[in-house]
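Lettered A, B, C and D in written order, each chain numbered from 1.
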Amino acid sequence: MSYARQMLDACRRTFNVDAGLLAATIDTLNDCAQACVADTGCDLSEQNVKEMVTCIRLCLDCADVCTATAGVISRRADYDADVIEPLLEACVAVCKRCGDECERHAQMHQHCRVCAEACRRCEHACKELLNAVK
Amino acid sequence: MSYARQMLDACRRTFNVDAGLLAATIDTLNDCAQACVADTGCDLSEQNVKEMVTCIRLCLDCADVCTATAGVISRRADYDADVIEPLLEACVAVCKRCGDECERHAQMHQHCRVCAEACRRCEHACKELLNAVK
Amino acid sequence: MSYARQMLDACRRTFNVDAGLLAATIDTLNDCAQACVADTGCDLSEQNVKEMVTCIRLCLDCADVCTATAGVISRRADYDADVIEPLLEACVAVCKRCGDECERHAQMHQHCRVCAEACRRCEHACKELLNAVK
Amino acid sequence: MSYARQMLDACRRTFNVDAGLLAATIDTLNDCAQACVADTGCDLSEQNVKEMVTCIRLCLDCADVCTATAGVISRRADYDADVIEPLLEACVAVCKRCGDECERHAQMHQHCRVCAEACRRCEHACKELLNAVK
């Protein structure tokens, strides 16, 4: 069981969304952030770094937005729709963009294939949570 | 002149928004994140920490969202409306919430008064940038 | 297999330390950061929040230092001892402090028990990597 | 007066170092992190991005370490030497490295000149604080 789930189960807060969904989303956000940070490092080591510039930029953006979102949803007792909804929307959008761009390089660079997968999973998880909180 | 402005002026990117507005927003986002991180530390030292719990939580959220937003808008060559707009909306919402909560404690705690001011300025700057990119 | 390991295996960089050790350390750092962010939220919801103040402060510090360390070691092609060694030392120290403090609350709060475990594992992983890079 | 200074002056904590020095260090750390985030974006837009790879990597590391350090020193009531000293040492080292690398590109890229200056100032501020806490 992931730390996110163990922490949620041990925590005094009452959530207005399913704890399993919430924990899965937090894990997926953190995995995506981690993959994007690592992919940036890998991209910078490639011979064709010039063609990886958009990928690097999007990975940095995606890592930033996913980390902030994981923090906010880990922390809140009651979800403030005005903050959570646009934040999850930004997350869905940046994961989609970053996943699309990583996929373009997936055949050439295995690390981009892995990162694309992490972005796709995060995009879906954030969409699901967005539906659940709406 | 702030580093944000100096960097923008020295940077090869063409922006579809005014560099002065952009630099001011980046500075205000970073100031707000910094004030919120510091306010968390100050709140935790107060005798009435139990009454400061919502303030602490909101300051942590506000710092996370402002830092991510500053990163994204510092980094992008061309603004992707799907990401930037909801991110700025989340920022406006969390700055408003955090500013309101800090203001409630402003008479008792000077540090909350200072933080409320940083949140207000950031809320306004993000609204302005949001209008400019829409 | 974790994303950290998959990314390392797919990445063009040559590491002067074992990829398994490196990936395990990155995973443990990210797990610890995540547990600390979550524990902060749980602590803030407790009746005895006044007694949790040191725990909250240390969790916030620990999350910050672990996140930075994970970023630096995910990103570097060649390890710069001047940066990596003191950073890992700071990580070991803050994980030890945070783990000790969480353990003090472990009987009363299950979430602190979980967080203490994440901190202990991270302390050990960073010590091992520190020995490997020295 | 910067927010860092205003917050410190308003905060109940007693510091074992001069508040002016502390506030100046926090401001300098945040300025440096901000300059490094922006410089990454500018470097990625340059024609000679292949030669900027080390600069980008170091700017990302420097931003991470400075942000974590600013958080830790903004937050602590009493400075734990085991954490603060190696963290400041890591900061001094990464600012020196990043400053040196940025300086190599300073004639070609004005944004690297600005970033080098931010790194130098931060390196000095962290050294001064390190001397004061030792």
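Going forward, a residue touches a chain if its C-beta (ideal position, glycine included) is under 8 Å from a C-beta of that chain, and two chains touch if they have at least 3 such contacts.
Quick caveat: nothing in here was measured; it's all calculated off a predicted structure.
Among the remaining chains, those touching subunit A as well as subunit D are B, C. When you average the Cα atoms of each chain and compare centres, the chain farthest from subunit B turns out to be C.
Remark: subunit C and subunit D have CA centroids separated by 21 Å (rounded to whole angstrom). Residues of subunit D in contact with two or more other chains: 40-41, 44-45, 57, 60, 67, 71, 75-77.
Against subunit C, the residues of subunit A that register as touching in their complex are 3-4, 6-13, 26, 30-31, 34-35, 37-42, 44-46, 67, 70-71, 74-77, 109-111, 113-115, 118. Put simply, subunit C touches subunit B in their complex at residues 40-41, 44-45, 49-50, 53, 56-57, 60. Residue ranges of subunit D in contact with subunit C, taken from their complex: 57, 60-61, 64-65, 67-68, 71-72, 75-77, 80, 82-83, 86-87, 89-90, 93-94, 96-97.
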